[in-house]
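Input: structures, listed below.
Below are two complexes that have subunit A in common, paired first with subunit B and then with subunit C.
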Partner chain A sequence: MKELLQIKDLYVNFRTLWGIAKVLNGVNLTIHKGEVFGLVGETGCGKSVTALSILRLLPSNAEVSGKILFKGENLLEKSEEEMRKIRGKEISIIFQDPMTSLNPLFKIKDQMIDVIMLHEGLEKERAIEHAKKLLKAVGLPADRVLNSYPHELSGGMRQRVMIAMALSSNPSLLIADEPTTALDVTIQKQILELILDLKNQYNFSVLLITHDLGVVAEVCDRVGVMYAGNIVEIAETEELFENPLHPYTRGLLSVVPDPRQKKPLKPLRGSVPSLINPPSGCRFHPRCDHMRDICKKAKPELIEYSPGHFVACYLYGGDLDD
Partner chain B sequence: MIRVEHLKKYFPVTQGFLRKKVLWLKAVDDVSFEIQDGETFGLVGESGSGKSTTGRTILRLYEPTGGKVYFNNIEITALSKEELKRIRPKMQIIYQDPYSSLNPRLTIFDIIAEPLREYGHENIEDRVLELLEAVGLSEEHAKKYPDELSGGQCQRVAIARALALDPEFLVLDEPTSALDVSVQAQVLNLLDSLQKEMGLTYLFISHDLGVVRYLADKVGVMYLGNLVEMGTLDQVFDNPMHPYTRMLLSSIPIPDPKARSLKKGVVIGEIPSPLNPPKGCKFHPRCPFYKPGVCDAKEPEMIEVERGHLVKCHFAGEL
Partner chain C sequence: MKFREYVAYRLVLAIFVIIGVVTLVFFVSRVIPSDPAALYVGAHPTPEAIEKAREQLHLNDPLIKQYAYYLWSLLHGDLGISIRTHNPVAQDLKSAFTATFELILVAEFIAILIGIPLGVYSAVKKDSWLDNLSRLFAISGVSLPAFWFGIVLQLIFFKHLQLLPLAGRVDTVVLLQHPLKVITGFYLIDSLITGNIPVFIDALKHIILPAITLAMYPIGLITRQVRSMMIEVLQENYIRTAWAYGIPPRRIYFKYALKNAIAPALITIGLSFAYTLVGAFLVELIFNWPGLGRYAAYSILSMDYPAVLGVTIVAATAYVFINLIVDIVQVYLDPRIKL
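Take a look at the complex of A and B:
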């Protein structure tokens, strides 16, 4: 498979009143053409910041270094003008709460055709036709929805509208940042099925950001696990669930309640560290049962432990003292 | 311990400047169930199903529109305000968002001490430290304010406060929904061990069926203000009989890629507005087994299909 997006050594620091928050600490990942890549982790691990970095939507107090190669070109070197042509056209994003992504004062029609006219350069009449086609593709009654205000639609319908807008210019990458977290499970199932269907139909790649390992297991081809600003493990979904390597991944998998059976939950010790003063070396070391001296000294690199299965942990090599 | 009989809670919907009542929102509409001593009853459902309203009406945080609630054979719904205050310490509630349920201007010590002072307890200091220890916090947390603690720690404080007056019955309203999974597991384990140590009875309200499977003994499934299915954990999860329960169960993402459900399109439509629920069986517009003339004509009764397993469907046991 060909690479669509490659993130190389991405560091993001935020200047805050309390000090510098080292939010991304050298992130490396690759998204292939046509795949659904899941980025999973707990609150504050940096998964959303990774997404916003790709679109260069970080606030002005962020300092970014590294490379984000999209179709071979480094997005971090693009001008604002060039980025504007990429956002929404080449790379689209949908967020958790569709209510806050839609302007409550305008009808869906006005918001959709604005986007379509801007990106596609279509006349108003043609733009409306295109909007109708898109709404039908996401399973909505097009005429009714076009003439509705956002508050007149349910949460699931609003998220469908967002997906329709995101797909209006046939992007090659759809970033979905917790797209179903605010929705009920039955609606979540519908939306996830819709994203997969459209992906197969329009052949784009998906970067799915989620905290829910159940969602990952259901829809992702490959997964990256994030912890405190680092990718600690990347593997194909089945491989990751069957053969998790990193102690954090293992811990995470052992705390997910399984609706099929009652199983004991073995929680991880402690909690997620502060990113203003993160632990040295491997940021997971204070919570790890396998901690050795080296873990406190240097950050483990992400290495390919078995074909396609990457892990950043000294248990699997990279420790020069051994 | 808890017996709920035909509980109803209707909220008036008003319109205009004179606040004229235009219609009733039937948030809880004829709900009956029992919770045995030391048991956890899981109440599940999606947004707007009435599960939280049920929990709050049982405690008379909302005045019921109709029906009765018994707590240890005392009819709570018939008590005066004074009598209710006397019984309140025995019944407590824990909410979803620990930040908004704790007073940000009080220290953790004062938050936990507040109910003890209100009910005139002595040795407050010892009791607070004992409670902090019981929920896995320490003396050093006592001087802090809620914003200095993590979400999981705040939820532990809320649990400590709820336990301060030695309750027998706790309503847990989505107690872990705002927490990350690793913290959720810590809080669930804590709730589980507290129940065993103190012999507590729980009404556990959740939209997360995985969590319910972990903690509950019995389960009730709610849809638009009605209980549509009720039974033991295994009855409901392994042999769901109501079409809605089946839809709900097959929607949950399973944390196992090998179990990836190939069955698509099992979810039909969305929950209708509770202001204008469908006639007959409220689920009929979304039901794959809908029979015209039956399901849209008459509201089904709750039928006991097997011992302890009740289903509110015209075709219970036949589908």
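Take a look at the complex of A and C:
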């Protein structure tokens, strides 16, 4: 499979009043054409920052370094103007909270056709036609929704509108940042299925950001696990669930309740570290049961332990002292 | 509630407010110790003349009867006879009010035209030199006294640069050479629709300085309000959505963000209208503008209570209607407001 997006050694620091927050600490990942790549981790581990840095939407107090190659071109070297032609056209994003992601004072029609006219160069009438087609594709009553204001729609409907808008220019990559977190469980499933359906229909790649391992198991082809600004493990979904390598991944999987086996959950000890003063070496070492001296000294590299299964942990080699 | 019903409902409420104001001012003006009849007759009156005037002005009737009489006349558009000018108050007010209202409208127009973009750019370039400059400008606008600022403008533009006239509404000579047919009472509009260009230009020259003086305060208010609302709105998720979809910055600021930020600023604009109505009293004296403020000031000084009552009613009515318009525009702007 061909690479669509490659993130190489992405570092993001935020200058804050309390000091410099080292939010991304050398993220490496690749998304192939046509796949659904899941990015999982706890709140604050840097998933959303990764997504926003792809679109270069980080606030002005962020310092970014590294490479983000999209179709072979480094997005971090593009001008604002060039980025504007990529946003919403080549790479689309849908956000976590559909209740606040649409402008409350504009009709759906006006918000959608503005994007369509901008990227597709269509006239107003044709743009409205296109918007109708898109709304039908996401399963909405197009005519009614077009003339509605966001507050007249339910959360699920708004997220469908966001998806329709995301697809308006046939993007190559759809970033879905916790697209179902704010929705009812029944609606969640519908939205996920819709994204999968459309993916097969329009043939784009998906970067799905979530903290919900159930969602990952259901829809993702491959998964990256993030901890405190690092990717600690990448593998195909089945492989990851059956054969988790990194101690953090194992910890995550052991806290998924299984109603068939009534055994107590084993929560990870400790808590998420501060990103202003992160632990040295492997950021997971204070919470790790397998901690060795080397873990405190140097950050473990992401290595391919078995074909297609990457892990960043000294348990699996890369230990310079040995 | 339908839109029309809402407007009708608000109009009915407005009438009650105005009746309340009339009642209050009527009785307060009667508490002031003075003899309107003696004032009405003028210098060197005979006792008979005063008694006759007292009869004519219904001053011998019980207060409540006088009040009822006043309301009844008011209903017919009769505001009584001015003690000072001996003209019907309604007639005096009509020309004074249009003069003032023309001035206020131009001032507010300037204030909105400058205040909104200044507020938007201040918010977008928060804490830059532009923002600091505009904040300084806004604060000086709010805090500079109008009487001082007006005089400084006169010094600069009349005395030193000799660009603009000192005072008045229009040059008498120009008016004599090109007689103006009064239709609306707004000189700028009347001269324009009758094609009287010399008067239009002259009236425009006359209105610039008083309008700028009057606009300073609302410019400051509007700039500060728009700035703080814009800063808030620019943090919203839907603005991030607009960025994420490649919408150009100008459209984000002036279309998607400003519409959300303008609603609270509208209330400020409405209130600043009321302020300019009050501010006009001072500015009109400095620029010798034949408006409501000057008329009110002279009326108060000569204890001309029918005129004072008339001014109060006009000011209250204008205030109530401006607020009504602001509320209606808000309903129009924000679909979430349920009537």
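Methods note: the second predicted complex is superposed on the first by the 316 of 322 C-alpha atoms of A that agree within 3 Å, B and C clash if a C-alpha of one lies under 4 Å from a C-alpha of the other, contacts with A are read in each partner's own complex, and residues count from 1 in each chain.
Following the convention adopted for this analysis, a residue touches a chain if its C-beta (ideal position, glycine included) is under 8 Å from a C-beta of that chain, and two chains touch if they have at least 3 such contacts.
Everything quoted here is computed from the prediction, not taken from an experiment.
Partners subunit B and subunit C fit side by side in the overlay (superposition on subunit A).
In the superposed model, A:205 makes contact with neither subunit B nor subunit C. Once the two complexes are overlaid on the shared chain, A:249 sits clear of subunit B and of subunit C alike.
Look at A:55: by the touch rule set out above, it reaches subunit C but stays clear of subunit B. Of the two partner chains placed by the overlay, only subunit C lies in contact with A:102; subunit B stays clear of it. Of the two partner chains placed around the shared chain by superposition, neither subunit B nor subunit C is touched by A:172. When the two complexes are overlaid on their common chain A, residue A:84 makes contact with subunit C while staying clear of subunit B. In the superposition on chain A, A:214 makes contact with subunit B only, not with subunit C. Of the two partner chains, subunit B is the only one touched by A:268; subunit C is not. On the chain A superposition, the C-alpha centres give an angle at subunit A of 80° between subunit B and subunit C, rounded to a multiple of 10. Among subunit B and subunit C, the chain that touches a larger number of residues in subunit A is B. Once the two complexes are laid over each other on the shared chain, residue contacts for A:119 go to subunit C alone; subunit B is not touched. Here the smallest spacing between CA atoms of subunit B and those of subunit C, following superposition, is 8 Å.
Overlap of the subunit B and subunit C contact sets on subunit A: empty, with no shared residue. Within the complex formed with subunit A, the subunit C residues making contact are 236-238, 240-248, 251, 256, 259-260, 333-336. Contacts from subunit A toward subunit B in the complex involve residues 42-43, 154, 156-157, 184-190, 192-193, 211-218, 237-238, 241-242, 251-253, 255-263, 265-268, 271-272. For subunit B in complex with subunit A, the touching residues are 46-47, 150, 152, 180-186, 188-189, 207-211, 213-214, 233, 237, 247-261, 264-267, 270-271.
Within the complex formed with subunit C, the residues of subunit A that make contact are 55, 57, 83-89, 92-93, 95, 97, 100-106, 114-115, 118-119, 149, 151, 162, 165.
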